[in-house]
Amino acid sequence: MEILGLYNYWVFAILLMIGFYAVIAKRNLVKKLIGLSLFQAAVFLLYITMGKVDGGTAPIFSDAGTTIFSNPLPQVLILTAIVVGISTTALGLGIVVRLKEEYGSIEEHEIQEIDEQ
Amino acid sequence: MIVIFGIFLLTLLVITAIAIVRTDNLFVAVMLMGIASLLIAGNFFLLDAADVALTEAAVGAGISTVLFLSALALTSERERARSSNRALSFTVVAAAALILIYATFDKPRFGDPQAPSQIHVAPWYLEKTPEYIDIPNVVTAVLGSFRGYDTLGEVFVVFTAGIGVLFLLGSGVPLGSLPREKINEGLRHHLIPRVVGRVLIPFILLFGLYVQFHGEYGPGGGFQAGAIIAAAIILFALLEGERRAMSVIPARALLGLMAFGPLLYVAVGVAGIVLGGNFLDYSVLSSDSVKGQQLGILLIEAGVGITVTGVLLSIFHAFAARGR
Amino acid sequence: MTTLLEILSWVLLSLGGLSILIGGIGALRMPDLYTRMHAASITDSMGTILVLLGIMLQAGWSLATIKLIAILLFLLLTSPTSSNALASAALLAGTRPFDEADQDEEKEEEKEKEKEKERE
Amino acid sequence: MYYVVTIATLVTMGLALVRAVLGPSVYDRVLAVNMIGTKTVLLLSVIAFLYGRPDFLDLALAYALINFISVLAVLEFFRNRVLRRSTESDTET
C-alpha cells in the first residue's frame, strides 16, 4: 500500500511527459495544443492529489457530521485553472486558424519554410 | 477499494494519453481528449474534489470538444508530417520522466494528513469559514472571499483570452466558399436531435442557474455555471444554426456580458473601499459582517458567471462564424 | 418490507452491473459499427435503468431520488438520440470511414481468415 | 453491492477505451466516447452513494445533460465535411 500511495504522482509524471513529448516532437500545431492540454491535465491531477486527505470528504459541510475534509485550496486553484485553460487553448486555436489562413498549412516546418523564402 | 478504482481510472488515462499522441488523425485525437476529460473528472471526484469535477464536466464534455472540432473544420483533420527528432525528443522526455518519478519518492504518501500542504493554511480555512462566512462550501468561500483577489486575476485572464480570440478571428474575410444559406442552417433537418435538444435546452439553462446560485451550499459556482449556460446556448447554435443563435444573443450583447462581469467584480471590490474597508473586503457591505460576506460572494460569483458565459460564447461564435 | 426492498435493490443493481458488462463486451467484440452500437445501447438503456432504479430504492424518498429520476430521464432522452445522430452521421458519410485503407486491409484480412477456415 | 456495479462500470469503460483506441473507423471512436460518457454518469452516481454524499449527484446530472452536445458537434462536423468536400470537388472539376 505504501508504494500504491505514490501511483498518482507517477501518473502525473508520465502524463506530463506524454504531453511534453507531443509539444516538442510533433510538428502539427493543433497536436501541440492537444499535448499542452494533456500537460495541463497532469498538473491539475498533481494539485488535486496533494489536496486529498485519508478518510476525508469534499470540503463541503453537511449534516452528516464528518469532521475530516480534504484541502480546499488546491481545488480552488484548479477550478479556476480549468476555465482559464480552455480560454487560453481557444486563443491558441485562434492563432492556428489564422496561421492556416495566411500560410495554408498548420505544420510547423512548412510554415518555417514559407517564412524563409 | 476506492484507491484501486482511482488507480484503474488513472491507468486508463495514461493509455488514452499515449493513444492521443500516437494517432495521426486529429479528429481521433480530439475524441480521445473527450475520453481523457471524462476519466480525469471521475478521478477528481474520487479524490474528493467535487467542485473541480463539476468544472471539468461543464468544460470538458461540451465546450472543449466543440472548440477543437470547429478549429479542425477550419484547418485540417490530418497530421501530415511525422514527428521531428523522435529519438532525441523521446530520450529527453524519458529522462525527465525518470527524474520526476525519482523525485516522487520524497513526496508525502497519498492522503497523508500530516503532509506539509495539509497543515499550513487549509485547517485555518476549514475552521474559520463557518465563523466568518457561514456557508457550507469551503471551496466557494476560499474562491470568493479569502482568495478573492486571485479569482479577480483569473477572471481578467479569461476576459483577456476572449478579447484575444475576438482580435484574431472576430473580423476579416470568411475562408470558405460555401453558400451561406446552405451552411448556416445547423442541424435543422435532423428532426430527432432537434426535438430532443430543444427539450433539453431549458433544463440545461435551469441547471446552470441552479449551479450558479447553489454554489454556496453544494458543488458549483460562477465558473461551472458560466460554462454550463454557455453549453446550453452552444447546443442551440448547433441545432438551429449560427444565425438564429446570433439573433437570440447578438455579438454586441456578448461583448457587453464579457465586459460587465469583471466590472461587477471590481465594483464590488471598490464598494468595499468606499464603505470603509479594504479592496474586496465584503464584510462592510452589510451591517452584519457575515451577511456582507455572503452578499459579496453572491455578487462576485454572478460576475464570474457572466464573464465566463460571455467569453466562452464569444469564442464559440468567433470560430463558428469563420469560414462558413 | 425494508429487507424486501433491500433485496430487490441488490437484485436490480447486480442485474444492472451484469448488463453493463455484457454491453461492454459486445461493444468490443461485435464485427461492425452498427452491431457495436446495438451492444452499446444495452448499457445505455438496460444498464442505466436497472442501476439507477437500484440506487433509488437505496436512497428512499429524498432530494437524491428526485435528482436520480432527473438523471434517468435525461439519459433516456439523450443516449438514444446520440446513437441516432451517430448512426445518421455514419450513414450520411456512406459508412465510409476515415481510414479507408485500414478498413480495406481489415476486410482483406477477414476474407483471408474465412478462406483459411474453409480450408480447414 | 455498490462495489459490484462500480467494478462492472469501470471494466466496461476499459473495454470501451480499447474500442476507442482500436477504432477502426472514426464512428467507433465516437461511439466509445458516448459509451464512456454514460458510464461516467453511472459511475459518478454510484460513487456519490458509496461516499455517502448523495448531494454530489449534481455532477452526474451535469454529465447527463451536457454529454449530448459533443455528439451533436460531431454530427455537425461530419455534415460540414460532406458539404465542404462536395464544394471542393465542384470547384476542382
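Order of writing sets the chain letters: A, B, C and D. Residues in each chain are counted from 1.
Methods note: a contact is a pair of C-beta atoms (placed from the backbone, for glycine too) under 8 Å apart; a residue touches a chain by one contact, two chains touch by 3 or more.
Since the model is a prediction, treat every value here as computed from it, not as a measurement.
Between B-D and A-D, more contacting C-beta pairs join the chains of B-D. If you average the Cα atoms of subunit A and of subunit D, the two centres end up 20 Å apart. Centre to centre, using the average C-alpha position, subunit A and subunit C are separated by 30 Å. Residue positions of subunit C with contacts to 2 or more other chains are 74, 78, 81, 85, 88, 98-99.
Residue positions 13-14, 23, 26, 30, 32, 53, 55-56, 58, 61, 65, 67-68, 72, 74-75, 79 of subunit D are each in touch with at least two other chains.
Those residues of subunit B in touch with two or more other chains are numbered 25, 27-28, 50, 72, 77, 190, 193, 196-197, 200, 203, 218-219, 224.
Chain pairs that touch one another: A-B, A-D, B-C, B-D, C-D. Those residues of subunit A lying in contact with subunit D across their complex are 57-58, 60, 62, 64. Residues of subunit C touching subunit D in their complex: 10, 13-14, 16-18, 20-21, 23-25, 27-28, 33, 36-37, 40, 43-44, 47-48, 51-52, 54-55, 58-59, 62-64, 67-68, 70-71, 74-75, 78-79, 81-83, 85-86, 88-90, 92-93, 95, 97-99, 102-103, 106. Those residues of subunit B that touch subunit A in the complex are listed here as 3, 6-7, 10-11, 13-14, 17-18, 20-21, 26, 29-30, 33, 36-37, 40, 43-44, 47-52, 55-56, 59-60, 63-64, 67-68, 71-72, 74-76, 79-86, 89-90, 92-94, 96-97, 100-101, 104-105, 107, 109-113, 115, 117-118, 121-122, 125-126, 130, 136-139, 141-143, 147, 150-151, 154, 157-158, 161-162, 164-165, 168-169, 175, 217-219, 221, 223-224, 226-227, 308, 311-312, 315, 318-319, 322.
On the subunit D side of its complex with subunit A, the touching residues are 51-53, 55-56. Considering their complex, residues 2, 4-22, 24-28, 30-31, 34-35, 37-38, 41, 44-45, 48-62, 68-84, 86-91, 93-98, 100-101, 106-110 of subunit A touch subunit B.
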